[in-house]
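The following block contains the structure, expressed as structure tokens.
Every chain is named by a letter (A, B and C) in the order it is written, and numbering of its residues begins at 1.
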Amino acid sequence: MSSAADRSKNYLNEESGLWSWLTTLDHKRIGIMYMITVMFFFLIGGVFALLIRAELFSVGPTVVEGAAQYNQLMTFHGAIMVFMVIIPGIPAFLGNFFLPLQIGAKDVAFPKVNLMSWYCLIIGAAISFYSLFFNGADTGWTFYTPYSIETDNGTILLVLGAFVMGFSSILTGVNFVATTHRLRAPGMGFFQMPLFVWGLYSTAILQVVATPVLGITLLLLAAEKTMGIGFFDPALGGDPVLFQHFFWFYSHPAVYIMILPAMGIISELITTFSRKVIFGYKAIAFSSVGIAAVSFFVWGHHMFVSGQSQLAGVIFSFLTMLVGVPTAIKTFNWVATMYKGSIQFQSPMLYAMGFLFLFTIGGVTGVMLAVMAVDVHFHDTYFVVAHFHYVMVGGTLMAIMGGIYYWFPKMFGKMYNEFMAQLSFLFIFVGFNVTFFPQFILGAQGMPRRYFDYLPAFEPLNRVSTVGSWLIGIGFLIGLYVIVSGMLKGKKAPDNPWGAKTLEWQTSSPPPHTNFHEQPVVTGGPYEYR
Amino acid sequence: MSTVNKPRSEGGHAFHFDNAEHEFETSKFGIWLFLCTEVLMFGGLFVAYFLFEHKFPETFIEGATYLDWKFGAVNTAVLLLSSFTMVLSIYYAQNNKTKQCVNMLFITLGCGFIFMGIKYLEYMHKIELGLLPGEMFSFTGEVGASNLGLYFSTYYMMTGLHGSHVLVGMGLIVWCIVRARRGEYNSKYFTTLECVGLFWHLVDLIWIYLFPLLYLVD
Amino acid sequence: MFWVNKAHAGNTFMPPQASNFAESVDTLYGFLYYASLISCILVIGGLIYFAVKYKRKTATDKTAYIAHNALLEFLWSFIPFVVFLVVFAWGWKVFYDMRNAPKDALEVHVVGQKWNWNFIYKSGRKSGGEFTVPVNTPVKLIMSSRDVLHSFFVPSFRVKQDVVPGRYTSLWFTATKEGDFNVFCTEYCGTGHSTMLAKVKVVSKAEYENWLENDPYKGLSLAEVGQKVYAGACIACHNTTDVKKIGPGFAGLWGTDRKLTDGSAVKFDEAYVKESIVNPNAKKAEGYENAVMTSFQGQLSEDEITGVIEYLKTLKK
């Protein structure tokens, strides 16, 4: 079964030609297509970020003509990064590729649905970008009413684009829940699954349950814009704050869609590169599902000063504290895994450690924001902007980069340039802190967010932040070079360069079309480093 | 391994499943998950309904007087019948009775047409009177509540979203009819019928909730 | 340079404390800040320490199989949980105070609109762009919006509240220091969001009474009244040179023919200015097709509009 002839064929070279990719049902190819699309969108969103920071380098208009263009930039930066990068980023790319492999399956439950979800992302993104021909949208990615109703440009196209992209997320979620429940290899119970799978599974539940609420919210917004249905219009008996409740009911679980898979990757990286069993496997597994469950009940912590009642605020603040506990537990478990380990510092581990550093800061500032009286001061200031970039970029993006390098040899059968990858990490890590730490201070001092222009007193820290953004840009460009050059001319990689224990490393690099040469049978836990 | 390359009506299945039974059970699981998403999407609308109905009870009572409960009742009966005939079509497929299976599917489809026909009549009647959503409300008769437009917004959004799902369901049933007539469904394979059937049942169930909330408020 | 609160224990980068809430918010924040600092030192310090101490020595290292430690896991779940509950309750307590204004607070109405703030006192006295309050006196702001969501934020007072169309929201404070303090709009509201600024002027009680009694326009010529009104209501979008910003600049426009968006022309005279203040989008100047100006109907008195008209006449190129 595993002769040399068999091993020369893999999912990459089995069929060739663009059409074979665009009509593929192979989860690994779909994962690679997602990788390319997400990286492409990330570059665009990143350019928008650089433009924003360039504009904010000085008081007064510099890079853009005026507030109108700036507001479009900030809206698109947010919409692209949220809907086209961070939400699909890990599940649809690394998740698609490795969920079946890690559970010993030959594909996801519904391969055609998998391909459909990629097309939904593409079509949704196309609709979103098409809105730029109609002066784009300038509402912020959160589309708050009544401004989003009256603003007269391509907003409705961005709303519809987001709706279609929501389907992409829902279909991925349905696929992953079904796959996890039904396609595990013999011997793999839920508690023999790798923690990346637990992360993807919890995320998939969120994708299934939360995203439809975004769907109806966007539909209602579109109906309000086109037909004036009045749900959010006080003149007709509606309530503008109702939109916020609807919106955040999805968008808060959405941020856990963004972080749970990332946490799953970190579990894999820490244990592999410490060559040590994960500390507290069940605690991490249950925390993932627990965070997903509680995430549905905390949306109002985005709305303490929106006009919602004090009682509502109290309940939301309390529940938010509850969700902080499993997050803290995971962080401690990861550090504890390193205790008495045997640690190596290749790039994936550097990114994992970078995650621990940056996510911890992001997490504690999240607790600060959950405290009602303190949130009154920080809400809608740069403090919040710094907080969410620490968890989304310092958290999720670090984990994606770590995951890409970790699984690079498996996906492409080649090794990337380790030195350049470490250089990329250095620029990104330093640049990130230079960009976003000053923003905590700016926020504390009172600089509001979504400001095209600001008082001169805020200029020095804004300048520091902008310089940081250039460092991040350089870091990601180096990273892009590392990935592309590795794909094209990297050294041939062995099946298991890191000595890891999860199932994907038991097959060849790259894997064959059917994933395994022999049906894997599982006899123990995923991290048995003894 | 040999079962993978056979057609489904002969017990074949996709390569990543162990056997046809495995594939069938997983497909059902997947459809149930999808139905959850539908429940949550409509759920948002139901929440909006309850919020507005609680805030403006007289508006909703008055608005409901423009709805004829008899039409709603007929539609409810029609959808219930169609769910029954859908189940029957699966039963016949399981018993290798293709002709009866197709007939039941046609009746189900017919019920869908009746439902949409009645909806069309109801909508036309309201549009003529100017009973339109929100800003577009232009009824010239006497009104008690000042924001009837909001009631009709709720009415059109809920029945409109439901109606679009009925149309999608009808499209899926047409597809099932085409495949059934080709002889693709039998005791070994009727997964599509089962999944479309579950979707159709949900569409029916949502209407069962919509009917009293919109038509029977007083 | 940026304000740094050095009076408070530790350097937590907050603005100067100028209200009754500032100290309690800063103290709570200070606790959170130091608790977070300690947590970060423990986690990140632990991370770095283990990374150094347990660096791989040989290719065949064996590691300890430590999968659990019940005591440790309990402690590091329970202690954070307790800390979180403490800060939750503490935060609630301060928030509760923020939400319960004293019954005898001085009430001022605030109207937010794109893109300025207007203040109306019970005596009928109006004020645009800035408002005056007495020190050491509870002040309650009753706020609403004329169009979209805005948010009223005074960093030095640590207070903020969204301003919603169709309803009233409120916030209250007792200013503890005299001086001028910035007010920002903190809910995105369109192109003028970052210019929707205001000032709260805190003065002694005597000065406040004086200010309240006195007609701001007493002894001023019409043009001077107009200049005052302009500085409060128009300056966010317009200017007195000829720069094209959100709205047109007015220098030298008086009496000239203005090209409109539909191609027709209108004379820049009293009628045009009056109409453009109360019904701004009726006759928009060419080049401003997408600009939207909210009406000042009901916001400016007839006298104030007349003042603006006279003021614009004085603006030469």
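One rule holds in what follows: a residue touches a chain if its C-beta (ideal position, glycine included) is under 8 Å from a C-beta of that chain, and two chains touch if they have at least 3 such contacts.
For clarity, every value in this text was computed on a predicted model and none was experimentally measured.
Chains that touch both chain A and chain B are absent from this assembly.
The interface with the largest number of contacting C-beta pairs joins chains A-C. Between chain A and chain B, the centres computed from C-alpha atoms are 34 Å apart. For the pair chain B and chain C, the distance between C-alpha centroids works out to 49 Å.
Mean C-alpha positions place chain A and chain C at a centre distance of 32 Å.
Shown for chain C are the residues that touch two or more other chains, of which there are none. Within the complex, the chain A residues that touch chain B are 100, 105-111, 113, 170, 173-175, 177-178, 181-183, 208-213, 215-217, 219-220, 223-224, 227-231, 233, 236-238, 242, 246, 249, 514. The touching residues of chain C, when paired with chain A in their complex, are 1-3, 12-15, 21, 24-25, 28-29, 32-33, 35-36, 39-40, 43-44, 46-47, 50-51, 54-57, 61-69, 72-73, 76-77, 80-81, 84-85, 87-88, 90-96, 98-99, 147-149, 151, 153, 155-156, 158-162, 164-167, 169, 182, 184-195, 245-246, 290.
Residues 14-17, 22, 25-27, 29-30, 33-34, 36-38, 40-45, 48, 51-52, 55-56, 59, 133-136, 147, 149-150, 153, 156-157, 161 of chain B are the ones that touch chain A when the two sit in their complex. Across the interface of their complex, chain C is touched by residues 66-68, 71, 135, 138-140, 144-147, 150-153, 234-235, 239-241, 274-281, 283, 304-307, 310, 313-314, 317-318, 321-322, 324-325, 328-329, 331-332, 335-336, 338-345, 353, 356-357, 360-361, 364-365, 367-368, 370-377, 379-381, 440-441, 444-446, 448-455, 457-458, 460-461, 529-530 of chain A.
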